[in-house]
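Quick heads-up: structures coming right below.
In the two assemblies presented below, chain A is common to both, partnered first by chain B and then by chain C.
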Partner chain A sequence: MTRTTMSRRILGVICVVGIFLIIAIGRLVEIQVVQAATLNEEAAGKMSQTHVLFGTRGSVTDRNGTVLAEAQMRYNVTASPSQSLNEFSRTVDGKRVSVSTAQAATEIAQLVGKTPQAVIDILNAALTEDPHSEYAVIAKSVDLTAFRALDALGIPWLYFEQAPSRVYPNGAVAGNLVGFVGEDGQALAGLELSNEECLAGVNGEQTSDRSARESITIPGSQVVTKPAKTGGKLTLTIDADVQWYVQQVLAKQVEDQHGSWGMAVVEEVKTGKLVAVADYPSIDPNNVNGTSENYRGSLAFSAPYEPGSTMKPLTASMLLDQGKVTPETHVYSPYEITHDNGANFHDSGYHASNLTLTGVLVESSNVGISQVGDLISADKRYDFMTKFGFGSTSEVDFLGESTGILRTPDEWDNQTFYTMMFGQGFTATAIQMASAYQALGNGGVRLPVQLVESCTADDGSVSKPSLPGPVRVVSESAARTSVDMMENVATKGWLRDKLAIGGYRVAAKTGTAQQADGNGGYSDSYIVSLEGLVPADNPQYVVLVTIADTDMNTTGAVAPVFHDIAAHVLKQYRVQPSTGSAPDFPLNY
Partner chain B sequence: MSRTLTRTSVHTPPPAPEPRGLARVGATARLKLGEIFRSESRVFYLILGVTTLLVVFGLVMVLSASTVTSHLDGEGFTGRFGKQLIFALIGIPLMLMMSRAPLGFWKKWGRLALWITAGVQLLVFVPGIGIEAGGNRNWINLFGYNAQPSEAIKLSLAIFLGIALPVSISRFGQTHRALMPLLAGVALMVLVFLGGDLGTIFILLLVSFGAVLFAGIRLRLLVIPLMIVSATVAIMAFFSSSRVTRIINFYSLVCTDDSVNDCWQPMHGMWALARGGLFGVGFGNSKLKWAWLPAADNDYIFAIIGEELGLIGCLVLLALLVVLAFGLVRVIREATDPMIRITTGAILFWFCGQAFLNIAVVLGLVPVLGLPIPFVSSGGTALLTALMATGVVLSFARHNNKTSQG
Partner chain C sequence: MSNALRQVQVSPLRRSLTRVSQSVSSRVVGKKRPKVFYATVSVAGTVGIIVTQIILSVWVSSNAFEIDELQTASKEVTRSSEQVQQHVSELSSPQNLAQTAEALGMVSSSTPAYLRLSDAQVLGQPSVASSSAGLVAGSYAGLVPNSELAKWRNPAPLTGNVSATSVATTTAADASVPLSPSAGATIPVPQTR
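For the complex of A and B:
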């Protein structure tokens, strides 16, 4: 080979390389610089994915911050039924072992609390419907522990979805008030539903680049396209500790007395704030289906009843306000009476007929209260009752809250004209009754009933519910005197031994109300209640207990509950013991 | 040649009084130190240097491109990189050892090497040893390790032609009969074809062409063989239906839909390059390596280089390849033996052909061929044989140096 031939051929090779370089560099510049934007646009979005950023629903707490409801991430377990038919292998102690579908199903079943057959059935059902099925739900809302254990199984056909859910760490405590949220995150009952605006979070969106296989998010590629909004924290006026205690003693007594239902309310006299609202039966929001549909809310708000004799102190306070009576006013009170308008009724027991007004309350004489009740007009009484809060829902405006039935005077018949004085012929909720007594305890001024303390938004701003102002119902002296008379009931009435709380003065009134038997008449079984104010000398708390259909069928069934709750509240809040002694009004003339 | 002559004159006793006394003293000292410590020629270090740079560059890019898919395939994040590293750590010393071999060594063992590599290639047809991957049967599994014997054939054919062509040319002169040794190449191509690897056949053709080109055979003698080759390649291509679709796809439609099977890889490669732009998205920041771009660490590693290091990185790689080619051309130019010209020429065509074809594929200039970039792409056997080929070239460079130095 001559040197010139070689040089020429080398030159040829160099030319080919040179041409290639020119084309390649030109093409590189075209792709990486000139067309880059177009190509990037073409690829945009093809390698990314969108995640939902869950807007966490706010929590519900009691007045001290005890959590009653909070959001928790749970996981739905899903599977690809068509892939599940294949065995897979995994490393156990350094060895590859093959795992059959049946074995995998057994492992899953243990962790989700199903039988292995149930898991297999879910897969088979999906495959029957579609042999290429890629989706079947194995279990919903498993907790983090179960999720981690399931994930660790390394089953390639098992998948997980995030499922924001709701937990109620204190279970049934205030469950009647808090309500619950459905599996899909939708609030269904109670404060959860009525305070949706405060609590609800708003889901956001995040996009990120992902891997082609297994959709792994590429680190650092996340972009929040729509930020999630965390819901606010709802603070209640409820005290979870007191609520628990009240629910506990109420439940025990209702069960011991074989009652059909019961309720108990504790309200702050000076603020109108509810400290405890207990219902029996009541719900554990963690297990909604465990409670009958009728008892998933709060009876205290939704179930009005004829209050009975607990109405009498209120009637007395109206008369006192109008200056028609004093505690020592002589009231002729026979066992039975027929008024001029034809109204006829009698008392529940025999007693001396020469009663003072205080005596009327202590003996709980229907006849007695009716003898003085007509000293003021029906319109005036109606006006007082409206101001006490009857006939309209409380300021709480609880979900499904009842107004009770309070007819206008023109609809009152001759009988109800009188019976309404002792709590028959109209209905009221436990909350309305508590609120009316709150007015008596608070010098005649009724404060709006409050259940929600505040809503703290995610940004820290606090909003309080807008409430109407206080309403003067009766004069301060009328209110004070009514409480004094109620104190005589507690000290001289037949339940005096059960109501006494050492160191504290108690004002209380019993109520025995008839209830409809469902056939247009009254049944023989009563709704018994006891309502009062503690301490009587400087009322701080209204305590109300009502139980239906007790074995005793008298207020004796609710007295111990009232006593225990009142004593507990006084102790819990370290209320200063009473000074002085109960006013001593004569009961007879 | 003038340089070589000048250098020779340093070592032969000068015909005229040498004015540079110090240079003479240096030359004497070098002679006294003996063979082992003799300084190698500049081209030796050029090739050694650029090869090492390419290997290191390749290792770094393989590490970046393979971590994700290596992990997804259950080999651990550094599994594939680790294999490549082991082959580099075996290959570089092996290259240096081979560079010490005298020219006679290759002349003596070259023919046997061809028989051995052909024999190993036959193993791909032995059930239990041969492995098929994606319609390509050119893999064997020995003692748990996968290898691609057709890679070694490229080197052994280059060496064989370097031995056989000068002999046949001196015997038959500038006639078609002088091309007889190419029949060995044809036989090997048939073996590789039976394994279903058209890319390697293409490289074997280039190896043969490079050898013939620097053997000094007249180009008009190549017209008929080239026509036969073209016809055969066309026929063979049409027997492999997947190749046909690839070729038809490539020339009948510009890929606009990545959901079309044969468009997926080219389009994602293009997107990778476009994403890189001028300066790249930075080392390790490739998005396409997250299992989007198939063969991101071998056939399409150039796309990942373009994405992470940008146009600059691509140009650096092209420059390194050009420098390597320049080194090989220097060895050819300084050849003191026909075998050096022929074998180095064949290796030049192999390296450059394979690298440039690979890049052309990624740039969408030619259809997908499945060829890796020598030294850079991941692939143990390919790296090892490329380093061995460099070892052979380095030994040639030493021979040139030694011969011209006397």
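For the complex of A and C:
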């Protein structure tokens, strides 16, 4: 062996070792640098688990803190159809008993409110599509009671998913206002939707490492990668107890009178806050499909109607404000009239024609109010009506709220020029009407209508809705005198016995409005309403009741409802009984 | 330990006497004993650390099981509490209260009256509530529906341990508190003097 061959061999060995070394280094670089991210991820995926931290949606409460809507954890029941084919065994009274798929299905069916066949059908359908199917939904959003009972069955192929959902513990109480949330947690209607910003929670994420076999969380491995945000609490001005009462009394009368729908509003005179807004039919947000689509919101906000004679005290207050009339002004009021401009209409019933202005309100004479209504210009009347809140949505800005139709004076035809004085020829929502009466009760100053009291964020900070300032519509004395005249309606009108509330003075006005028949004319069924202020000597509450298509077809159908609601509100809020007696204005001259 | 001490005391003396010649032998003597000592200490230390670590990790992981168990128990308790809360909030809904009150023969009062203490004046017009004032009787009961409440009125058939307990509790409560006057003899007459 020469020196050269020797050194060649050494060289060869070094080369081979070198090549292996390079390959090894290359592999090292590939694993540690090139594939590092992917491999780390894969490892983390095998070891750690990510789960959602649910950001709870805030609750909706009434003015006293009664919960109207709240988040509740529900559970989706799922199954592994392929595993369900196997029998399993469980211990009953210390003995092992094997349970067949059919028996398990029967047990599940009982708890999720399905037939056993329906459960088996779900499993079969999944297996037909894919014989190795590992996932089928048996039932969605079952409650805690059902979930615990299902869990206790110990069926190995039954799994559960958390499904945050929404519950309305008081059902249809204020359901028309609160609205509802869809199955996916998305707000779909009412205040739930319009106050999404306040209520919405944001889901977070947490990762943790788990042991392979028992799936036990390894201590110290929990990391919140994204914190969950809890939604704020929305407080309403509604009083759930009063709201329920108003809804119940209204619903009872609509049913008894075979009316097609009804609404009732209670508003605080001194604050503009809504205490109750009832609609019938109305929705139970726990069971959205139980109510026709037309009645899933609030008619009081969204369904404008021609108010009819409840408009007359407002027209009278405008005339009083302008100093054109007094309660005793003589108004010649025959049954029928044709004005100079050709407008022709008549009253709903015969009465003496020598009426005072108070008499015009008590007899609800269209002719009478039209005789004095034209003492102020159309522009001036339009201006007053705008200030009363007609023609624009209320400050609540409820979802789908209507402005009603209030045309500008240049669009009024000869007939409308007069009919608007007694509430035909324009439309208003129940909320707009309540708000206009609130101004009369509050010395002529209209306050913004309020439905949302505040939003309390999770950190405790409270934000209130921004509202415009109060608006003076008519003078204090004009407003007071209008209420006095309305009190004469309650004490001398044909409904006086039905409207009397022992110990309290009541101011009210009836309204019987024709409904458009959809062909440019009027149908012969009426929307009847009664609206008033209690107690009349120091008005605290506006009460409005409206029902369509009653058997009686007169305001006699709504008077008992008005009475019951007004009496209940006075009782509920401990309003001091009235002092003094009702002003006594002559009705005839 | 005593060897080490002696060594430390001796070596400076030796160094001062014969710095060059003695230094080699002294290092040999001085180095041999510490080697055994340090080896023992480090091995014992290492073993100690490993053992502690093993004990600690066993302790931690056994706690993990305990934590998991407690968390499950806590979850169960929270669920029970939630379940009861839900029941309470639905039972306290106005629909249920009104129906229960009417079932017990109560009626809503008509107009209230107040007694002013300063001058014994009666304010308002007191009147007797009429027995026909029933608001939720018969077919009027479901006018303001609450399907959550209906669920509690007609509960789904329950199985399992949890439900068995809750049923038992309800029955016990029902038995101890008579709900209507007819269920337990007469209403006791208050003693006035």
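One rule holds for everything that comes next: the second predicted complex is superposed on the first by the 534 of 589 C-alpha atoms of A that agree within 3 Å, B and C clash if a C-alpha of one lies under 4 Å from a C-alpha of the other, contacts with A are read in each partner's own complex, and residues count from 1 in each chain.
Simple rule for what comes next: a residue touches a chain if its C-beta (ideal position, glycine included) is under 8 Å from a C-beta of that chain, and two chains touch if they have at least 3 such contacts.
Since we're looking at a predicted model, the values are computed, not measured.
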Chain B versus chain C as contact partner of A:Ile218, first or second or both or neither: both
First, second, both or neither for A:Ile25, with chain B first and chain C second: first
Chain B versus chain C as contact partner of A:Ala149, first or second or both or neither: second
Chain B versus chain C as contact partner of A:Trp244, first or second or both or neither: second
Chain A residues touched by each partner, larger count belonging to chain B or chain C: C
Which of chain B and chain C A:Val92 touches, first, second, both or neither: neither
Shared contact residues on chain A - chain B and chain C: 211, 214, 216, 218
Touch list for chain A against partner chain B, complex: 1-3, 5-6, 9-10, 13-14, 17, 20-21, 23-25, 27-29, 31-33, 35-36, 38-40, 42-43, 46-47, 209-214, 216, 218, 221
Residues on chain A engaged by chain C in the complex (per definition of touch): 67, 72-73, 107, 110-111, 113, 143-146, 148-149, 151-153, 167-173, 211, 214, 216-219, 240-241, 244-245, 247-249, 251-252, 255, 280, 282, 284, 286-287, 290, 501-504, 567-568, 570-571, 576-577
For the chain B and chain A complex, residues of the former touching the latter: 1, 68-69, 72, 213-216, 258, 270-271, 273-278, 287-288, 290-292, 306, 310-311, 314-315, 318, 322, 325, 329, 332-333, 338, 341, 348, 352, 356, 359-360, 363-365
Of all residues in chain C, those that touch chain A in their complex: 60-61, 63-65, 67-68, 79, 82-83, 86, 89-90, 92-95, 98, 108-114, 123-127, 135-136, 139-140, 143-149, 151, 155-163
